[in-house]
Amino acid sequence: MSAVGMTDTLCRLEAMLLIRAYEETLVEFQRGGAPGTCTSVGQEACAVGVVGALESRDRILTNHRSAAHLIARGADPGRLMAEVLGRVDGYCGGRSGSLHISAKELGVVLTSTIVGGELSMAPGVALAQKMGQGEPGGITTVFFGDGAACEGIFHESLNLAVQWQLPLLFVCENNDWQAFVHRRETMPDNAIADWAAGHGLPVATVDGNDVEAVHAAALEAVAAIRADGRPRFLELVTYRLRGHFEPDDQAYVDADELARWQARDPLQSQADRLLAQGALDADEFAQLREQAAARIEAAMVFAQASAWPDPRTLTHHVYAEQGAHS
Amino acid sequence: MTRMTIEQAIHQALAEEMRRDERVFLMGEGVATKRRDLMQDFGAARVRNTPLAEAIIAGTAVGAAASGLRPVVDLLFAPFLTYAMDALVNSAGKLRYLSGGQFDFPLVALSMTGSGWCVGAQHNHNLEAMFVHAPGLKVVMPSTAADFKGLLKAAIRDDNPVLFFTDLALLHQEGEVPDGADHLVPLGQAVVRRVGADVTLVSYAKTVGVCLQAAEQLQAQGIAAEVIDLRTLKPLDETTVLRSLRKTGRLVVVTEASGLCGMAAELAALAVTRAFDALRAPVVRLTGPDAPGASSWVLEQAALPTAEAVVEAVQGMLGDAVVVREALATT
Amino acid sequence: MSAVGMTDTLCRLEAMLLIRAYEETLVEFQRGGAPGTCTSVGQEACAVGVVGALESRDRILTNHRSAAHLIARGADPGRLMAEVLGRVDGYCGGRSGSLHISAKELGVVLTSTIVGGELSMAPGVALAQKMGQGEPGGITTVFFGDGAACEGIFHESLNLAVQWQLPLLFVCENNDWQAFVHRRETMPDNAIADWAAGHGLPVATVDGNDVEAVHAAALEAVAAIRADGRPRFLELVTYRLRGHFEPDDQAYVDADELARWQARDPLQSQADRLLAQGALDADEFAQLREQAAARIEAAMVFAQASAWPDPRTLTHHVYAEQGAHS
Amino acid sequence: MTRMTIEQAIHQALAEEMRRDERVFLMGEGVATKRRDLMQDFGAARVRNTPLAEAIIAGTAVGAAASGLRPVVDLLFAPFLTYAMDALVNSAGKLRYLSGGQFDFPLVALSMTGSGWCVGAQHNHNLEAMFVHAPGLKVVMPSTAADFKGLLKAAIRDDNPVLFFTDLALLHQEGEVPDGADHLVPLGQAVVRRVGADVTLVSYAKTVGVCLQAAEQLQAQGIAAEVIDLRTLKPLDETTVLRSLRKTGRLVVVTEASGLCGMAAELAALAVTRAFDALRAPVVRLTGPDAPGASSWVLEQAALPTAEAVVEAVQGMLGDAVVVREALATT
């Protein structure tokens, strides 16, 4: 099966498979002691659904749990892995590691692993678009978690975006976890949508495990933002199927809750849908999986072959105009 | 040359740079109220009152700076920077490096501080050293009208995030400022305000005046003090300081900020690590105490380094030197 | 007229008159160059109405605009003035000045002039009450402005109070100004109540220039908090009749708007009400004014006679166990 | 004595102090998950998971501390302290003073930092100096299991706000810890980890180990290095440092933190202001660079001061001393 002629729904399945393969391969590799990552296993539909609704002139901000957003945006898994391993061919030359990967060439900018950092910078990125920087008509999308919604900057960011009418799409992936704390310990039940609604911008709450539903909602929100230049808010209800950061035994996780959500795995759901529609058969599905695995295998080879940064470059890139400041 | 207050110098710098480069814009709590003429000249899009929320003001500046604009944000009083620390320290200071140099952050964060207004420690806290300690940031704190204008213009043109501190007490002080929109003072260059061979007095902002006063008094006693105004705290002009130290062998650092891990510590460290052989006496730190700023006028005054204290410190140093010299002569 | 036998409504008028006299006297004095203050002229009904609903076991947090809260709580105007002038007989020995006056003996604790600082500490004060510190049944009241509601800490503070079920009354004095910026430039129109409502706690919006309405709403909220231990929110709609900080020419203020609110002066309204009810006559009113003026005159004499702090005490009170740390 | 990891020492200290004083309670993002046994022993009221919001966690601690409780808050990684700066710097550090001593703030803020985990500068930033610079706060950063336990217990009993930093790399390191709930290490006391007369190596946290390693290597070359572990950064134990300097006349300060306005600057300043006459060589600062922490293992390692660098610095110093001594002898 080739991407040419593939339907959009199938492409979304393919993208989710690639993300899953990437993250599971890294997890396996990390068992050997390499630095861990925050995976988005179980949340792939959020990334694929939203990012697929964006154009190249748009900007994306993400956080510690960024691999799905980056891959959905077309990032090279090899360069991502090289970054995770701290190698020169990584998107940030190995300086970032997994936690703050940005890729300007893809419009994935200013990733912060400070929870809420993305929310603090996003209005500025959107403001620059509004004030004429970048390609005309571009909008900004900021991905963040339910935990980030507890930070004060959430409130400040929403208020500024509303007040200044910024072309900014807030996407909260509500995955029920904030590291090792369940969301229910941190906020009332419908808090995220209620808080957002209090700011008076349009809010949609969507099943974050249904990539088609996410995609449809994102398309609508993006079109609306492009039409009137004002912010929109999407809450994507999903679940973190793996631990916070690898390795993590998830001993603190309620087994029933986890099982309920495992049964709603977004990849399987999308595959089931396509299988039921006859748009995919079992062989093709297996083939898609294999293609993804093969791409990620090659990526891992690339990453491991990538050189370490030269220690003599330690202080490069601290300041602009290197050399002016020693 | 035109005579103007430091407040006017700042305003001119902003106006000129906004005129020169349309990517420059200004935001903060009340900037459009306070600088109404700029708002009228450059439009409401470029001179923006903000909600009362320092974290998002600073964060927005960071995002805008990385996206092609050149924001100047007025964060009012230095203690309010505590709300903006994530944006300044973790984002502006680190994301250039962590991204492997993908982004520049040409932004200027203005804030005010300094004693003399009885406002107490939540408005008056000289915490510039915190930003010197943080990587990726530049820090400026001038003392004269000409420098305020030239350094602010240079800061706006710099591709790095710059913290620009104004000592409140200087705002209405006047000085001669070179005419023309080309007057720039490069970041990272200290200036020798007074030449002398016996002792080096290093300071910045308001306390430069204290040093100059002290130098005047010392002169009357036949002691020639060299006075260095750092102007930029980071990058620090080590060359100018070291050159002076190699000549005088004696250092008094005078700051309103607390000494502990402050600029006074940094200067003393510079001396003892890089000019040890030249040193002829213990370095003296004359700084504010390790205490919050009190509101009461008498306490506020008691916390400030005075010209008298500088004079005394220098006399102490030279006295010792004389004693030592005499002792050596008699062996 | 003596306080004995005075009705509560009359006492509230008297308290407002005392506050007004205090602030106007200080403003006059400051024309001579003394450090300025943030007055609450026009907002006296908020302070008097709410504070009168509290008991001595309750705690109050306030901010830069605190004189009304302190005087309503029974603070000695002489010691307040001494504090403003930086003298030893001030509540904080002159270290605070006007901006962060707290008076532990009155239960007015942890005043911060960092906008939002009061909101950051209030849940801790209420938590201590909930965990058995202080007299049983005490609650905490935190006063803050519409500007403070823009700070992220507003969001965090509300969420924690709701989540932890803290006995905390949030009182937002919405006076339409945030220093030199009008509220309309900073938030949507009904934002404060909407934001608070998004947190799922009971919210009441009340005419902040009607001391009886404020008092009634505060009594109700306080009783509810004492009954179930959970937070409540009052938005008091009022207006700052003077500048942000003295001196301030208010050149940036819309004259019509100001005039509209001047016509609604809370002192005059309360006096008119009492005069109309026959509970007060013009002579008595004049007498109340004179009593207030006399008390404040005496206070000013006291304050000016108070000594300056000894400069040798400069570093006292920085650390507990003075001397352990030099 | 019982052998345990530093992680265990911290946990024991928390458990013992909670048992001893019911006003002590613990809160933070995940503390009830991570310290489940404490939650079970002391109840959910005293071991509280919080919303993900550092500013209100710290602010709540400040309010609670002033109201009769003794909170310990876990703020996780040091860079997250930037969200808590107002509560820590403006409230906890200043409101005792500004209130004229009306309130005490017996609170402890825990946080972790340090290289070795490839997590990058937004988790790894040794910014302890910022809090040393701020008035009204105490700062602790131990290196051994016994000190972690004894200092954390003392910090919890202290009536001042204490920033308690843990270098991540130490967490699983083991050490002997005195038995019994009475084991306290007073704040403000450095310890001489190794006695020597030729040079003083001053450090804290992980880099104490680097100094000890270096001292071992120097020993083999006949050079006796004295190693001082500061343990508490504020209040600083100046006496112990100065006593050593008066003996050795040589100082190398080793920190993972950046040198600029850092603890290394403070120590160098201490030496040149208070022990100048005893100094026989330039002070050397061996510190992390003025750069954010990189994630890549090789860069992270390159940023760390090594035992080899310490040895080299000492050799340089003593080499010079020998040269000078010889020069003097021939005049």
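Note that the chains take the letters A, B, C and D in the order they are written out, and that residue 1 is the start of every chain.
In this text, contacts are C-beta pairs under 8 Å (C-beta built on N, C-alpha and C of every residue); 3 or more make two chains touch, one makes a residue touch a chain.
Quick caveat, the model's predicted, so the values are computed rather than measured.
Comparing chain pairs C-D and A-D by the number of C-beta pairs in contact, the larger count belongs to C-D. Relative to subunit D, the most remote chain by averaged C-alpha coordinates is C. Subunit C has its Cα centroid 46 Å from the Cα centroid of subunit A. If you average the Cα atoms of subunit C and of subunit D, the two centres end up 41 Å apart. Mean C-alpha positions place subunit B and subunit D at a centre distance of 29 Å. For this pair, subunit A with subunit D, the centres built from the Cα atoms lie 37 Å apart. Shared interface positions of subunit C, i.e. residues touching 2 or more other chains, are given as 93-96, 100, 112, 114, 116-117, 150-153, 156, 159, 163, 185-187, 318.
Residue positions 50-51, 53, 55-56, 79, 82-83, 86, 90, 97-98, 120, 122, 135-136, 234, 289-292, 294-295 of subunit D each touch two or more of the other chains. Residues of subunit D that touch subunit A in their complex: 29-30, 33-34, 49-56, 79-80, 82-83, 117-120, 122-123, 289-292, 294-299, 301-303.
By the touch rule above, subunit C contacts subunit D in their complex via residues 59, 61, 90-96, 100, 102-104, 109-112, 114, 116-117, 119-129, 131, 133-134, 152-153, 156-157, 159-160, 163-164, 316-321, 324-326.
On subunit B, the positions that touch subunit A within their shared complex are 23, 25, 45, 48, 50-51, 53, 55-56, 58-69, 71, 86-87, 90-91, 95-106, 135-136, 138, 158-160, 188, 234-235. Put simply, subunit C touches subunit A in their complex at residues 150-156, 159, 162-163, 185-188, 191, 194-200.
Remark: subunit A residues 35, 86-87, 93-100, 112-117, 147-148, 150-152, 178-181, 185-187, 252, 308-309, 311, 313-315, 318 touch subunit D in the complex.
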